[in-house]
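Next, two complexes with chain A in common: one pairs it with chain B, the other with chain C.
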Partner chain A sequence: MTEQMDVIIIGAGHNGLVCGTYLARAGLDVLFLEARDAVGGMTATRAIDTDYHTPGLAQTSFPVCTQIRKDLQLDSFGYSVGKAADTISLEQNGAHLRIGQQGPSGQGVSNSDTMAFDQLKKEYLDYAKALRPLFQNKPPRLKDFDFKDKTTLAKLGWNLRVGLGSDSMNEFLRIATMNMYDILDEALENEQLKGALAADAVLGHHMGPRTPGTVLTWLNRLSGELNGSLSVVDGSDSQLGHALRKAAAASGASFRLNASVRKILVEKSRAYGVEMADGEKIKAPLVISNADPRSTLLDLVGAPELDAMFAQRVSQIRGAGDVAKLHLALTGLPEFTGLAGADLEHRLIVAPTMMYVERAFNPAKYGECSDNPVLEITIPSLQNKSLAPAGHHVMAVNVTFAPYNLEGGWEKAKDQFASKVIDQLCRYAPNLKSLIANQELLTPQDIEREYHVREGHWHHGEMTIHQSFMMRPLYGAAQYDTPIDGLFLCGAGTHPGGGLTGQPGHNAAQRILAMRPAS
Partner chain B sequence: MNNYDAIVIGAGHNGLTNAAFLAKAGLRVLVLERNPYIGGASTSRELHKGWKYSNASYVCSLFRPEIYNALDLGRHGLRVIPVNSSMTFKQDGDYFGSYTQPNIRRREIMRHSPRDADAVVRFDADVLRWCKLVRGFLLRTPPNPGSLKPRDIFELAYLMKKFYELTEAQIYEFIRFFTMSIAEYLENYFENETVLTHYSGGSIIGTGLGVYSPGTAYVLLHHAMGDVDGNVGAWGFARGGMGSVAKALAGAFQSYGGEIRSDAEVAKITVAGNKVTGVELASGEKIAAKVVVSNLDAKRTFLQIMDEADLPPKVVQRARNFKIRGSSGKVNIALDGMPTFPALPEGSTLTQGHMHFTDTLKRLELAYDDWKEDRWSADPYCDMLIPSQYDPSMAPQGKHMMTVFVQYCPVNPDGGWTDEKRDQFGQTVIDQIGDYSPDFKDLVLHAEIRTPRELENEIGLTEGNIFQGELTFDQLAFNRPFPGYAQYRGPVKGMYMSGSSTHPGGGVMGAPGANSAREILKDLRKPDTTPEAYSDD
Partner chain C sequence: MTINKEHFRRALQHSPFHSRLAALSLTEEWTGWNGYKAARTLDKLSTEYFAVRSSCSVMDLTPMEKYRISGKDAFRFLDRLVTRDLSKLKPGMVTYVVWCNDDGKLIDDGTLFQLDEDQYRLCSQHHQLDWLLISSIGFDVNIEVETHEVAALAVQGPTAYSILTEAGIDGLADLKPFGIAQLQCNGFPLVVSRTGYTGDLGYELWVDPKHAESLWDALFAIKPRLDIHPIGLSTLEMVRIEAGFIMPGFDFNTAESTIRADYDRSPYEVGLGWLVNLDKGHFTGRQALLAEKARPVKRRLTKIYVDGNKPVREAFIFDAKHGKQIGEIKCATWSPILKANLAIADIEFVNGKLPPQLWARVDYQRELKWLSIWAECRVSDKPFYTPEHRSATPPANF
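Let's look at the complex of A and B:
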């Protein structure tokens, strides 16, 4: 038995949902096929055990792109932006640094630090703003451009040359390829502040602060800030995944959960449907993959359907995950030295200096875990009480760096690494260990298995310059289409990359709708 | 007779190139050199009796043939002898050799990986394409992208045109090449660890980056786009050492009537009413000129020999932020005889080329991790040559001279450099070589060890950076040395820059000096004596 749809979307992660909803609202029959038992991908709530839940893999987020929020009327489906979270950079002695809406504060923060920080932030937000046409459209090709590419390039050129002005443009052209370490060293003096910003730039990436290109990853993050403040993801009904699911359903799209796609059906270089794990075939002239580019092209399509050099280039896409996720089920609220209870609603990080972050990165280059990892800690149960029994809590910790290809394998090292991280956490919250009721550590290999992302990379592929813009995921497939007619990509592996922005899904939908002959 | 049209500060190869082109156009030019000898980083000195060391730079390939021809350097005694191979010793007792002769090259790579022997053809073709493209830009002044002046717009249009002669795929490949790390870039071609490591090594020379740092792939060009006798990618020795480059340039300069004063340290560039008036020497002597060219690096130029009050604050800030972290050391060794290398077959010619001792990417990257912590690499990457094998002028008969370039070496190890630490650094290098040559240590008669401290103190390279500033994108082309000042003109009228701190950077190219001369002659409305880039390669 075969079904016939207009559009099949493989994977109901947030980008898939955004893309599919746009298409459904344009009048197409959209079917989402989701391998997991819930929609939302990395934003879907997961259980630690029967009593404790966490919001999923994404633990902090900027609001979804404002345009998408408006277009899809997400607010009417319950979407609301979470409470703005400050970043508190922890010190063992309790001399924490706080970066809030009003800029940095703390014992070691001087007036000149605050001023320098404000200036830096303003300057870089301006750059992020100037880059908007690039982020919000399909990446322009550099030759044989179409009209849309020309307008994108023209807008970008205008923003840089006229919007920023020639001095500021020249400065942008200087810093665009630099590393965070150098620009922070030029602008700031406070080591703790520099450490916190450096950690932001490398979060989720296989990069250290001294890796050239980290200014760009930071700019990408700042482009999220243009939509609003960072907040702690708490898994409540107001969160992106839920609102998107409702918006998609309201636009007439249908869902199948626990529906694993085995193969994208291709004939004469044209996709015509998918084959499910149980052998069922579903036909559709448009197949859109929210899965990462390597899984899509190498596993679901298969190298034999592709040009040999193209397949070779796909296999060379870099994207080995380097972050582990620790979830703790706690019987009470931990006490952090020097922090009040209300402070724990914010985002806590361990990244005291830039060199600390860089030293955490060093072992990852050789397939080893950081001795002293960079940590990002949230306690989502403070905002969403339903995550844990009354008075109990859950803690989510991003542990950077923990390489996918661990020397010696993860099997033996996993428990040891988890206890090491817990020991490290106890240096800031001494009573933590006594509160732990249950725990889970998701290594990049676990993330790969559970979220079906090759090599467990948050962003479906490293966001290095050579894998960005018109080269993301790779040239020849960077405008959301692929060499297979009718097959498109819409996930974080495409431009402009990861983060809960919805931007890749949006851009892909625009691209697909623009290509469709007017009916 | 204190009456000069132009003064060039620093008799390094770029200063001399610059001066020679100015003199050729009929200007009265004076070159002032702080040291008693000329050449800057291209100098050869006898520091041990009978042995001549090229103290700093040690091989010659990037020097622009257009300049060689325009200044007739052959007539002034510059001869470059090609170096035909490079090799890497493996820890397991084997070795990898890289030859220029295609059949031998292929056969040797085949011994390590048949797949890589096929890939090397693709690799060589791709690198050659980028070389040819970039070589065309070396003798051109970078445009200012923020400017609306016709010349900048024309130059940008010219560059775009060149760029668009590539296919779309080539354009993306070009961007990838410029933004990837060398290790990842080479992994697009090769699979064998030794092959990967061997070809990665060149990309970290002189840089404060590791083999996994994005932006190192293109540094490959700095070691591949030179040529010897028209063979692109070939390396060579200047006969008589790198001092011969400076000597030939000085000869050309003097043949046009130029004047060189050594032991003449400039204390200050004097400025009045936003115009240069000349220079003041450390001795107090003042020399007037309407044009003053600084061949010193950007930091020295703006922060040491210019008065902050004469400069826009932005320039001072830019100069302070200029990245010029040194990362290399050098060990020059006088040998009592030719050391043996048991890993090599009897009679191997590989000893005549570059020799390396680092055989894994991890070792290369670990060497970089040490530098980030302000330590010299415990297991450094060495580029070793024994030029006396074919240049008998470097050492007495039967004896040999060895030059070892060492990556990485910090500017400021914990507690600063001392002579003792310098010797320990040298010993690290000597021990590494000794591991592969059992008789080497007994043959050492004398060793000159140079850390960034020595490079700074003797040659005047700030922080001992061999390129007068790091070669990262934020400091290349229209960003070199700073945005808005990449066209060799300083912020003060009549003041120019000609050193490697300017486009296209270091490597004994002579191009910054020539480009700077072109701009000066244009401002003075004099005939352009500088050559155009080759169009025939």
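Let's look at the complex of A and C:
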């Protein structure tokens, strides 16, 4: 049987859902093909034991881009922004640092720290605001640009020059390609505070605080704050994935789950549909891939259908995942030294100093796991009781760094690494070990297999400068386009990159709709 | 591949035929060619030239870059590499191919030999390993450099068939142009292809380097009865122009060595549009070439006769009607057999068409004084020299 659709979206992650919903609302017949058994990609809830569930890979997030929330009326489909979460940077002795809405607080935090932090934050939020036209539109071409590209560049230029003012613009140009270590060392004194911010800049990336370009990854993260506060992802009905699924369905899009695409059908450089794992063919003049660029172009399209140099560039996209995910099923709430029970609803991190984060990164450069990894800990079951039996809990831990290509392979190292991380956690929550009912560690290789993301990278490709803006995912495929006519990309591998912003999906949809001939 | 660790002791490597070439070289005029010491001339140019056109010439082709391409996807790999439709290629056949970069600009040309099922040899002027490896992403294919493992000898001229047969190589009578035969010569195996770069009757012999000298000696043993001469690159330049063959890197800049915009060339621009099949499956550069084909022709390498007998080397070409400089001669030769000045010129088209009247400004020296004359050019649509005996099967016996 051959079905005919207007649009096929490969992968119903949040960007795919955003993109497809815009297209469905524009009157197109949209079919989502999702290889997993749930939509929402990395936000979809997963079982770690019969009675214990976690919200998948995504642990904390900023609200989805305000424009998308409004356009797709997500609130009417149950979307609500989660409770604002503070960041608590743990110290073994209980002298924790808290960064909340009101700025940093804690034993070692002085007035001058608070002031310097506020100033830094304000300055960088201004930069993020100035860059907004760049994030919210397709990245402008620098040659042969169209009207939209011109307006994006004009707005960007205006924001940088007039919006920021010349002093701020000069400062922005100075810091744009710098590393977080130097920036934070210039601006702040409190080591704990610097450590926490440095961890934010490298989270999900194969970068240490001293890696050039980490200012940009931090700015990208800060731009999320323009939409609201960070919250803990808890898998409840108000979460982005669920609301998007309902919005998509309401706009007439259809879904197939457990529907694995084997290849994108291409003839004479034009995509005309997909072939499913079971051999079924579904035809559509528009195929949009929410999968990462390498999987899409090398596996689903295949290098033989591409020009040689382009295929080579695709194969060179940098994006080896460097974060492992530890899930713990707990028979009770752990006790953290120096924290009250209510504090555990927030985001806990282990990144006591910048040097700690940098040292954690060192082994990863040589294909080894961090001796003392940076941790991001949440207990989503405190907010969403349905995740665990009454009185029980689930804990999610992002473990950084854990390289995809581990020297000696993951098979042998996996259990040992999990115990090491648990031991490390016990230094902050001594009773943790006695509460563990079950556990799972997802290495980047597991993430690759289970979430169909090449090399298990959260962001579908490193967000380095050479893989950003009009170079994301790569030269020759910017603006959500590919060399294959009728095939577009809409995932985190495209501009402006990862995070639960929905921005790549939105921009891709705008691009595709703008290209359609007026009917 | 065995690595010769002593290679640095010589700036230029000796080919397996070197001892024989050196013994016959009267001019000692050597040059470098792909890292090998190669003869520019060995004798008077006229002696060498008429060996090709009137008797038999031998040229050492070992420096040509040679790649063995094998494996399950070898055919698919090659079909995606080159612009030509390879579906008619069979074991025992050779075909002439070109390949482009993503922008549809020529990287090199070469001859592709299908030696067996899933066994190919690609023979090219320039080093291609990097491009072949880049092109191999996504294919189950094995690529090996065999430049130094295969000694190659071109035997070209009207009496080439007779000499090879008399030297003990049986089985050439039925070998058609672009055919390959696996044969024997005095007990050692060799591969013979009916190919060449001279436009004459001729063969290329591919042999294990350890048999190179024996092969040479077997051929030159016939010399008392049928004349045979080694030739160098200078003669090759003359005869290849007569035959209308172009040379990448000389007649046009190859894409991967081009820095300036618009200095590289597409197959259409060098007159090899007939090698491009836009209807076969995908190949590198297809979309760019499709777009180029939809635009008016911008320029083309064009074969021209230049009036007069003044030697032409480099010269500008002018559109007689508008008096505008529109091109330049890339290579030229005086053809002794045609008694004409032949050239291949890179000419800008005017409104998608070749201007009807072309003139060349020829600068030449007389007793060291530079003079300039205007010579009319006549376009040749066909190769300048295509003798009938070139393709006769079986070839005439002498």
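Following the convention adopted for this analysis, the second predicted complex is superposed on the first by the 519 of 519 C-alpha atoms of A that agree within 3 Å, B and C clash if a C-alpha of one lies under 4 Å from a C-alpha of the other, contacts with A are read in each partner's own complex, and residues count from 1 in each chain.
The working rule: contacts are C-beta pairs under 8 Å (C-beta built on N, C-alpha and C of every residue); 3 or more make two chains touch, one makes a residue touch a chain.
Since the model is a prediction, treat every value here as computed from it, not as a measurement.
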Chain B versus chain C as contact partner of A:M169, first or second or both or neither: first
Partner chain(s) touched by A:P483 [first = chain B, second = chain C, both, neither]: second
Contacts of A:Q4 with chain B and chain C, given as first, second, both or neither: neither
Chain A: partner with more touched residues, chain B or chain C: B
Which superposed partner A:S76 touches (first chain B, second chain C, both, neither): neither
First, second, both or neither for A:H466, with chain B first and chain C second: first
Partner chain in contact with A:L142 - chain B first, chain C second, else both or neither: first
Which superposed partner A:S269 touches (first chain B, second chain C, both, neither): second
Which superposed partner A:A308 touches (first chain B, second chain C, both, neither): second
Chain A residues contacted in one complex by chain B, in the other by chain C: 476
Complex interface listing, chain A residues touching chain C: 266, 268-269, 298, 302-312, 315, 476, 483
Sites on chain A touched by chain B in the complex: 141-144, 161, 166-167, 169-171, 173-178, 182, 186, 210-213, 316, 318, 355, 358, 362, 365-366, 464-466, 470-471, 475-476
Of chain B, residues touching chain A in the complex: 144-147, 164, 167-169, 171-172, 175-176, 179-180, 184, 187-188, 209, 212-215, 321, 323, 362, 365-366, 369, 372, 472-474, 478-479, 482-484
Contact set on chain C toward chain A in their complex: 76, 80-81, 101-102, 131, 134-135, 137-139, 281-282, 284-287
